[in-house]
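Mind looking over this structure? Questions follow.
Labels A, B and C are assigned to the chains in the order they are written; within every chain, residues are numbered from 1.
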């Protein structure tokens, strides 16, 4: 890996007596936008706080731009952070908020204000410079927080769920702007979110975190197409991937992956996304199922099915040809669309 | 108006009634009576006689009143900032969790819980010019009853300036309530703002000057005004118990002591009522300042 | 100087609130309430008296109401009168009863005295009786009559071989004696003035005297001066006469020129009475009041001497009397107790406690007062002074006048204010008070 912007080397962290990060290894390339994705309580924010120096590590090292900063105080690490709450200073104007970091570092006032204006322009909030945080909308605050992070040209940007407080439309818009901004500035960014769509759209690479451990690091494509575990597979994608025992009722069509002992009892699970399921009438080939519920989302519909043994399966069907509730149907999947996981560990099966 | 509205109003009135009755009977009526007595000559023993503004013209000419007024104002202007600063310092020192912080907080509040007169008598002992622990301490290392620097220790009870300082010193340690409010205010400040500051490498002084102080300023201002109003009253017991209004002639005679003496020792109740009226006017002025502060605070933060 | 008891404030507040309610505090069948103040030893004396009374008159019930000090007593009396629930009886010095007398709060006793078998005005020292007459009426009946005396520590005098004060001694004798008794820890005579750098702190001071108008007055009189222009209807202080000025200068010189009295700092640290009781004051100018306290002294022997003289022997009257409030609920019962307290038996009892010089002539000359069982040996000094005592003017604003003059005189003695300024301030600041005052 060339030019590491940020490296976590076997980092553990604890809150009170419980360990929240377990020997995390993570490397972020310079100029890369890495998204840390995971459910609540997975330790995503702790990753950021450890990098920022707001939480101490119990073991391991943190390197920023090649420097070991493990023992440095936050202010010496040259990182910028956007908090979920934005953490704007309520008593300072927007301009003063943005210039704060420069002014406490003794940048001349005029210079600081000019750079604050430039930063504000780059995120489109130049018109707000004289307002106070109390007079801003959520989106405007978000821009100010971003401008404040941008103004100082840090080695790493840390974004802690910056979009989670925005409504959906604004979130989509800001998401695009964030990506564009990153492409323009080319900074090293670690972005934390629990929103898998946001992760897939924004990220150069995604690190999926579960219970303080890295589950998988990869490009959005890798995460989507080759989830390293059943956890990743089910966390990314909505509705979540179907997961059934390999010796269960569903027998995929076509050739199984080479060497997969698919019939061996309880050893493996099969995973397939809702869009991989074909639903046909009761007289067709396939596994019988009944329709519990159908959710229509515009052109698409998601059919929540139940197999004879009670196992739930979700299938995506065109809304125009959706089955009725209570109808008896047959479902089929192809081996090409199936992911195989070890049932016990959840790790991806590889021959 | 709909029915439930009427009912909830009636309930509200019912719940407020005991307080309102108490307020009217125990505060407002006596206040009105005092206001009325301010325009009479009344010695508690014979019925009051109407004298119009005589009491107030007498006040203007009364040097003791002028001294008391000045003393009260100076006391407020010196003691109040010091009290608030001390409380702020302690609150900032003790707002974190750490070993012994709980005990330290209790210790800071403790003097406020001591009954006022007992507190006064305690200080009478502490301030004893020859045998009191404070001057004993100041004299350590010195010779012939002088301090180590070769100066005479403060004459707490006999020198006018030292006595005023002593009263202020006494009053400093009873800032427990202010301390508790500031402690709560500091703990209510958002944590991420401080983390933000840490990321920007703001040092202790910068954090205090640029963040803590401005964020707590509204609370500090309100507490200062409140303390100023209170200072008209809490200067009474120390002056009464410790210095008896002296050293002569009137170094620590504050308005409250002036009122007490005239009303109950010299039986000039009407005259004392006039001074009370002046104190009420001062209080009203302070409350107006407080209102303005609140309004400006609201406008400023767009609350 | 001010052992200001905790109760002072609390009780006046309570009295205010309760007093403002109905006058149910003393219904007609409650106890007779007697309001007094004093040191613990003095209060014990009054309790002894009440016990004796209740034993002598079964069924009688007298309740002692204790104020913490003089000012507290005034405040409580005034607020309880205003509240309509005054005590039936109170004990008060003639210097302070004027404001109550002038305001018609005190019940005249002439009719009751005339009808009484137990009280004959001729039995009492006239100077004390006269002090409590207001517009010709006898308002209160004095329980004691006293002058200032000089208490001295005999043991110390003998130790240093200094002659003890004796009747007829002069002011110069006083200064000489006090100077000779002002000693450091090694027993060497020292001069404790602040002229050369830091003041020396004597281990023993020669004299304790408070710089007040009531301590000054007898010396002004003795020197042929007056303290007010008209004792009956005073309008101003007359300390600007040469005789008064000399007496005042000599008084402040005790501190300023001779350093024989403790500094204000030392007085604040330890008041004169404690200093005397602790054996560190050779002489103390005080009234009979101090005797009760000093009787608990065991470390040394003490006695009293008359006041020193300028031109003629003059004393200043100290006298407390029982007064009945006009609003008292149980006047007859109160009078019966008053009769007992004032008449021979009651005076004997209270004399035995040492608190008073009895106002009853016969009792004062009996062994109950003069008996040698307890100090002072020369108790007769108090009696000998009675023919020479003069009363201070009774004017309703006298408490204010004492407070104002005390502040000025304290600064004169301890801060060394210029005598001309002192005399001018005394005059200027008391004139309005005299003008506001009402006279008997």
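By definition in this document, a contact is a pair of C-beta atoms (placed from the backbone, for glycine too) under 8 Å apart; a residue touches a chain by one contact, two chains touch by 3 or more.
Source: prediction; values computed, not measured.
Taking the mean Cα position of each chain as its centre, A sits at the greatest distance from chain B.
Ranked by how close its C-alpha mean sits to the mean of all protein C-alpha atoms, the top chain is B. The pair with more inter-chain C-beta contacts, choosing from A-B and B-C, is B-C.
Chain centres here are Cα averages; for chain A and chain C they lie 92 Å apart. Averaged C-alpha coordinates give centres for chain A and chain B that are 56 Å from one another. Work out the mean CA point of chain B and of chain C, and you get 37 Å between them. Only residues 52-54, 73-77, 79-81, 83, 85, 87, 89-92, 100-101, 104-105, 132, 134-135, 152 of chain A touch chain B when the two sit together in their complex.
Interface residues of chain B, counted against chain A in their complex, comprise 190, 192-193, 195-203, 206, 210-211, 214-215, 217, 300-303.
Here chain B touches chain C in the complex through residues 43-46, 115, 117-118, 121, 128-132, 144-146, 152, 155, 157-158, 237, 240-241, 244, 246-250, 261, 264-267, 269, going by the rule given at the top. Looking at the complex, you find that chain C touches chain B at residues 1-2, 4, 6, 8-10, 12, 71, 74-75, 78-79, 81-82, 99-100, 103-105, 198, 201, 263-266, 268-270, 397, 399-400, 403-404, 406-408, 410-411, 414.
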